[in-house]
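Residue numbering begins at 1 within each chain, and the chains themselves are lettered A, B, C and D in the order written.
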Amino acid sequence: MLTSTKQQIQHFLTKNEDKARLLVSCPDQPGIVSCISRFLYEHGANIVESNQYTTDHEEGTFFLRIVFASENMKEKEENLKINFHTIAEQFGMTWRMTFLHELKRTAIFVSKELHCLRELLYEWESGNLVTDIPLVISNHETARDIVESFGIPFYYIPANKDIRKEVEEKQLELLEEYDIDLIVLARYMQILTPNFVDRHPSKIINIHHSFLPAFIGANPHKRAYKRGVKLIGATSHYVTDDLDEGPIIEQDVIRVDHRNNVHDLKKKGRLIERSVLNRAVKWDIEDRVLVHKNKTIVL
Amino acid sequence: MLTSTKQQIQHFLTKNEDKARLLVSCPDQPGIVSCISRFLYEHGANIVESNQYTTDHEEGTFFLRIVFASENMKEKEENLKINFHTIAEQFGMTWRMTFLHELKRTAIFVSKELHCLRELLYEWESGNLVTDIPLVISNHETARDIVESFGIPFYYIPANKDIRKEVEEKQLELLEEYDIDLIVLARYMQILTPNFVDRHPSKIINIHHSFLPAFIGANPHKRAYKRGVKLIGATSHYVTDDLDEGPIIEQDVIRVDHRNNVHDLKKKGRLIERSVLNRAVKWDIEDRVLVHKNKTIVL
Amino acid sequence: MLTSTKQQIQHFLTKNEDKARLLVSCPDQPGIVSCISRFLYEHGANIVESNQYTTDHEEGTFFLRIVFASENMKEKEENLKINFHTIAEQFGMTWRMTFLHELKRTAIFVSKELHCLRELLYEWESGNLVTDIPLVISNHETARDIVESFGIPFYYIPANKDIRKEVEEKQLELLEEYDIDLIVLARYMQILTPNFVDRHPSKIINIHHSFLPAFIGANPHKRAYKRGVKLIGATSHYVTDDLDEGPIIEQDVIRVDHRNNVHDLKKKGRLIERSVLNRAVKWDIEDRVLVHKNKTIVL
Amino acid sequence: MLTSTKQQIQHFLTKNEDKARLLVSCPDQPGIVSCISRFLYEHGANIVESNQYTTDHEEGTFFLRIVFASENMKEKEENLKINFHTIAEQFGMTWRMTFLHELKRTAIFVSKELHCLRELLYEWESGNLVTDIPLVISNHETARDIVESFGIPFYYIPANKDIRKEVEEKQLELLEEYDIDLIVLARYMQILTPNFVDRHPSKIINIHHSFLPAFIGANPHKRAYKRGVKLIGATSHYVTDDLDEGPIIEQDVIRVDHRNNVHDLKKKGRLIERSVLNRAVKWDIEDRVLVHKNKTIVL
């Protein structure tokens, strides 16, 4: 890691070492917020920020994101987790509690196009993506120089559909060795097998170079050009077994016109691909994203 | 009121008659959320939506918006208000509790340019602005036909700076008579006196035809043209005694270019003036806006 | 037509009575611009505005839009048209020359949802759509009041798929009677037959309530909700025999989030449907749109 | 220059070596376009793209940008320039003719904040900014590593207001030595003297971190925070002797809200500063920008 990045991130960690985040989803019923807020109060924690949303169906689902602060958070961490377990059981909660003195560990996968990788590295170096990036994996050597210039180990694992199994075994080994929490496909042009995907539910973020569900699949810009659209898009989503069908985290579009050929669309598209992926990754790292019925709730 | 509007609004009221909103701001301290959520739980109310924000200063300020639901809300209304008073005292809260079976009452002031008035009436007629509009006041006759076509009483009160006092007396009388909660200046081109403004703190919403603080004051489009800006803006804010200096609720911009003369800027500007004002009014009616130190917190 | 609209449009006509527009497309070859500009110069006309674009393929296509001015344009009109014919022949041009002292004649078709109709009428009344609107045709009575309040004849022609032929015969008769140049489907929810469409090539503008080609066909908002998109769109296009497949004139999107249900998407969608359709119609009326290989060139 | 960048740019040069651009402004009068297009036709050149705009005042000014192509452009270059001189005299034109086989030479000035520099280098490396970047000048060492990693000479010239004259002398020497066409101030935090500015009319592009004319001068984000604006901006303009008052080339804004402190505004601001500056530089390099009465015409 570069010195300036280290400092930026260290500064964030120090400033936030007494903060934690709680993410909850469960069937709605009266008393949930009351119970959670009493729990935090009794553990000496103060709620800094809180967002709640309940689906408005007959059988509503409750979603909550709380940022809370407490002196000596590190010492309380174990206790908070154990004690919250009881509440979670009572309400049938899916939940996680993260402590801001710990960094998430993010692996980036990339192929030959580097614009998304660059943006992530730049935003990371600027202290905007508060995470560790312990490694980058690629099926090409293209990204080696830039990755290593950031002091990040670079793993070149050639890949094609015939050796998918062996390739993924090597990748899985590395992910385990580096204890990875989040995988970002920053224009990684290989399809992942169900085996790989199923091991990382809502843990793999992809960027697709179209406004999904328009131009699902290959060559979206070519098809967008042919259709004569006036805007092109980019979509960041969690990867599931259905190609380009996973829960959408973020999307954006950019204006194009009759003067733009396919090559121009690609170039313009890159401008939004990188910002859309960057926002999606940032929100995931900040524990803002909940997945429910193949959709995301971003709190 | 038109039949279709009546139906739309009636439909909303029926659907939401068991809902209420609580808006709170107070000095931050531990236990606020816990206390409020226990209060609601004990009154048999369920939290439907909740947003909280605390300023990150030494002496933080706490802001909360809660939407809650309960059977037989009408019967509980009085009780909820009285009992919440105790909590409010304890934490030094500024607060308000509104019940969705009651409509807010909005008065619109307008002069000769009708685009903002039209947008508000249209959005109201479509059921997007859930409020009563018991009257429109104008210093010109221009808007009479359109206002009356919506079944709304129209009051023509000629105005100029020499008769400001008499004019405002008439206006104040009408506002009282119609029991008005919110005043919207939809391009009303008269300056209000401190006397008028002070009686309606955070109750008067204005639309300014520039991206404040750029081009504060008169003729913003002329000056924007002269400066050669590439975007022009619109700003909706609560009116205070400092002209164009009140807390900003919403802003937006639209792209212009060298081909646009002052007349074109005016025409393009209208497109965002109407949408910006519409959003600001909608948020106020939905109790989303808190004012703190000449800024707004929109929850 | 309302008095104020009449005045606005009259003002435009008077100010521009000495202006005309020339729209040209043809196979590219050297000398086209030189020839056209010499032609205009020799006829005493001055070029006010000019945009040219040539596709960058082997066999390029040339597109041109010129606004030109001349004293006594009305007297020269006939001559200009006849003499330009020779140039057009020489270069194999598709072309049209329009004179700004003449208003185009636009018919609006609408069903029950009125937001697009309203926007068009409002923009027309404000002098932003410089056209005649001699009639509105609908398969419902819903729009009658608003249309007639603008002084425009309203024709109620009930329609369903079983009587499509008879319905279109009546419509075609009216279009001929009123000498219509442009047909705008402002949320007209009936499918037109090939017979109707083929008679009006690039003369019928539709608004589709999705970001085409996403959610082509029925119920786009329902499907957008189900897919969990973060933006919804609107697309205005010329109508061809392939449903929702005609040349796209304009598109735009608006942000939505997890809190929005299908009903909310519909309401938000209307905000962009009306502005997208309005821009498309405006550009057509201003002779800015050329159609080439199922795409539009907007100059 | 990096190999990949060299290739990208070489590819562009080869593809466009037979193209040139003509930029013209002059008092409007009949026959200009006719004369220019005949001139090009007679020199065997074909017009690829053309945009013209005339101000609609009594004494209009005519602006034109033409891209034209011809076989053996290099051989014709001298001739075209000499012969066009006569036309230019006749119409009192300000003009320039650039040939796409020649690269413009751009110098970048930077201080400690690197986001704009990075964006320019990245876009340059990706082949989107078709220019030479023969040197970067800075009053800090911060950017050395990144600049040199792109194979670009880096000049560290410490600066402060007391030694402004000596500093600028060194800078001017370098600019002359490297034969620089365009100077980009990519967040260079030193004020330039009139002497320096006057030598480079419409040749120095700056990025200001606000939506000018709002928050002109120092600390715009701090003041934007204090005013409670809902959007913050960035403005790219040519540098003149009046600080932040030069002709605006491009502007953009990004949404902020009550949760964002000054530090957040700075971080969000960087996202648009870099894209706004990038677009402005790109348009200048592509000869799209004309300056007229302290405004820009972007064709």
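Basically, a contact is a pair of C-beta atoms (placed from the backbone, for glycine too) under 8 Å apart; a residue touches a chain by one contact, two chains touch by 3 or more.
On a predicted model such as this, the values are computed, not experimentally measured, just so you know.
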| item | value |
| --- | --- |
| Co-neighbours of chain C and chain B - touch as defined | A, D |
| Winner on C-beta contact pairs when A-D is weighed against C-D | C-D |
| Chain at maximum distance from chain C, centres defined as averaged CA atoms | A |
| Same vs different contact residues, chain A with chain B, by half of numbers used | same |
| Inter-chain centre distance, chain B versus chain D - centres from mean C-alpha coordinates, in Å | 43 |
| Centroid spacing, where centroids are CA-atom means, of chain C and chain D in whole angstrom | 37 |
| Junction residues of chain C, two or more chains touched | 49, 53, 56, 259 |
| In the complex with chain C, residue positions of chain D that touch it | 28-34, 37-38, 40-41, 44-54, 56 |
| In the complex with chain B, residue positions of chain D that touch it | 53, 56, 211-215, 227-231, 233, 247-253, 257-259, 261, 294-298 |
| Residues on chain C engaged by chain B in the complex (per definition of touch) | 49, 115, 118, 122, 126, 128, 149, 259, 267, 270-271, 275 |
